[in-house]
Amino acid sequence: MADTTFYRLVSVIAVFIAWEIAGRIPISVAFPTFSSTMAALYDMTADGSILRAYGQTLQPLGVGVLISAGFGVAIGVSMGLNRLFQWFWEPIFVVLQASPVAALIPLITYAYGIGLTAKTVAVIMLAAPIIVLNTYKAVRNASPSLIQMCRSFQGTRMQEIWRVIIPNAAPIIFAGLRLGVAAGFIGVILAELLITPTGIGDLISYNRSIAAYDYMYAAVFTIIVFSAVMVGLLEKAEINFFRPEKKKGH
Amino acid sequence: MSTLSMAAEPVQADTQAQDNVVEVRDITKYYGSDIHALNSINLDFPRGQMTTLLGPSGCGKTTLLKIIAGLLEPTDGQVMVNGKQVTGPGPERAFVFQDFALLPWATVLRNVGFGLELTNKPKAEREAKARHYINEVGLSGFEDKYPHELSGGMRQRVGLARAMAVNADVLLMDEPFSAVDEQTRRKFQEDLLNLLAHEKKSVIFVTHSIEEAVYVSDQIVLLSPRPGRIHSIIRPEISRDSSPEDIRRDKTYLDTIEEIWSDLKKYLE
Amino acid sequence: MDVFGIRIPPVFSLLIWITLWEVAGQMDLAFILPPFSAVVLELFQLIARADFQSAAWLTFQSFVIGMGISIVAGITIGFLMGSSRMANSILGMWVNIFASAPLSSLVPVLMLLFGLGQTTIVVTVVLFSTWIIALDTFAGVNHISPSLSEMGKSFGASRRQLLTKVLFWAALPEILAGIRMGLIRAVKGIVIGQLLVSVVALGRLFRTFSDNFQFEEFWALTIVLFIFALLFSSAIGWLEQKVEYYANTRF
């Protein structure tokens, strides 16, 4: 699909040009041009501040996602296999998923201080419900005909779970993990903006406070790009490992 | 008693004097650059008669029907309806779909009147016409039901009533009975013949069932695949006076089926 | 789940969680967690307060305006995406980027550009909810059986008739699901916006409560927002039920 990539590139360039024009008018004192934002970005990359910032941000993100994934998948699988667990956990996670849990982030400081732990908790708060619910639905909706097939060949319950249900549910569980990573990223940025400035959130807040808008926008720009790239890579991994029928050339 | 006339070449009798509701000239269709669906099709469809396009998968019969309907564009060639060239759908042609294509959120009454709704006919007129055709297809009493409450056979009757309600010159039917069970299918064939005798419409019918084609048609166009072209044209001269059961046992009926079958066998893999 | 043969609906498990909350609060396990009963009492007092009511009304107005814009924009984008492969690949790229990006990082930018008032709230709502509505609309459009649009064309439907009489209704179940998700995201967006701009309206209330360790009030306000989100989501769920009769039998 060479021409789609071409037109996408054209649309991206068009957006950058519109940004540049808007910055030159200017539509607002606080709206830097595309070129000055890129210059600021170059600056921050060159002196390493971007790298340091992401290094700090990715720590609670990574830890938080790992913990959410570990506990989330475990709870989700148990919910999918056991009706009592489902009864107990489903409503609370549905409520958490639908509610603006961001409102609770300022409270985290009272319980966990302002360090790594607090931000990891923020990640877990946002990522866990999605992972749990996706995993639970995947397991609950595992193909009934495959399960019956396993039983018809006298498979044990353990075999049924590990050889049929979990592999069958794996693509959707992975999709849930992907959504969890995206949600966790939101959590850590919020924590950095609301609790203590570190990492990339700090770059935004600090530069705003000194009115260095081009640097601030550059930081936001990297977040959008980082998120797009991260989600894109996870999607590719998902297709590669779990959905070979969607791979190009098949 | 009856004779079977089968042309050796795809030439039709009496083309000059005939009143054709649809004429197809040099229709060719390529999908992309390598799929040659139809190759230079020339056909006349006489008014007031039922012509069936019959053939194995890949012979292009549905493609040809959709080109006539104006839902597909031919790569080359023209379609004439009532002597005038057409490109695109028009009020002289009405289509009956294989998967019924009913609006699932609308009642039977609204579905049957949908074609009229699109041409902005006033509501009272639409509903009156719709009720008439609902009655014609035997669905009286079901006006306020929704498609999900109907069986497959009933849904197709709604599709048929809708096509008849717009009073087109020619009905185009794309394997209309293939999505229902065998018994319903047979009943449909008989009901369709009764209806057409009543309403005197021209019909172009697509099917892959030889029995169906021979049972209902005045004229059968056999198409062969890859690329789709006319193999032969057959007029099964079957007397319609006897009962449906007798017709299905009539010698000419059975012979015609056998001849077509042995003809088409060589195109199956 | 059954107890002594009586069916207990899943919602009742929330009661267990609420009981746990009450017990934890009474036992003073964490000073940020007052007993549930205290929070509920505070909730009724909170709703009666004038500053809450004016803040809530302001926020609600912006919410409705913003949702109106994002519903129209989202459905339009979704249909555009479904109209051609080119539109799909270009628009799809942008919509997907923004649907999964941490939009909260854009809120400081919005604050700079639009100030601290209602406009920012409206823009936040639009920013947070449009993309999911577009994605779900597109999914709905994609699902439409091709023979339905062929049928419309065969009976002479104009482009506008096809869109309004056939395509929109055929995609409606997915559109409603998208609006429901968009609603939830919009509420999250408002909360985030209010937290970051803790100078006006609900944000100011949040900040005041948490600065002064007024946790009953804080949780009461939070629960009000949670209930607000769930109520709206149920309202759309009700609409979705109305179209369910044909959603599963589309052919």
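For reference, chains read A, B and C in written order, and residue numbers begin at 1 within each chain.
Just so we're on the same page, a residue touches a chain if its C-beta (ideal position, glycine included) is under 8 Å from a C-beta of that chain, and two chains touch if they have at least 3 such contacts.
What you are looking at is a predicted structure, and each value in this text was computed from that prediction instead of being measured.
In the absence of chain A, grouping the other chains by touching gives one piece.
Summarising the inter-chain layout, the chain whose CA centre lies farthest from the centre of chain A is B. A summary of chain positions shows that the Cα centroid lying nearest the centre of all protein Cα atoms is that of chain C. Interface comparison, A-C versus B-C: the higher count of C-beta contacts falls to A-C.
Here the spacing of chain A and chain B, counted between their Cα centres, is 54 Å. For the pair chain A and chain C, the distance between C-alpha centroids works out to 19 Å.
Taking each chain's centre as the average of its CA atoms, chain B and chain C sit 49 Å apart. Those residues of chain B that touch chain C in the shared complex are 66, 69-71, 89-91, 93-95, 97-105, 114-115, 117-119, 146-148, 162, 166. Considering their complex, residues 145, 147-148, 150-157, 161, 165-166, 169-170, 172, 243, 245-246, 248-251 of chain C touch chain B. Looking at the complex, you find that chain C touches chain A at residues 1, 8, 10-11, 13-14, 16-17, 30-32, 85-86, 89-90, 93-94, 96-97, 100-106, 108-109, 112-113, 184, 187-188, 190-192, 195-196, 206, 210, 218, 221-222, 225-226, 229-230, 233.
Residues of chain A touching chain C in their complex: 1, 4, 7-8, 11, 27-28, 30-31, 83-84, 86-92, 95, 98-100, 102-107, 110-111, 179, 182, 185-186, 189-190, 193-194, 200-201, 204-205, 208, 213, 216-217, 220, 223-224, 227-228, 231.
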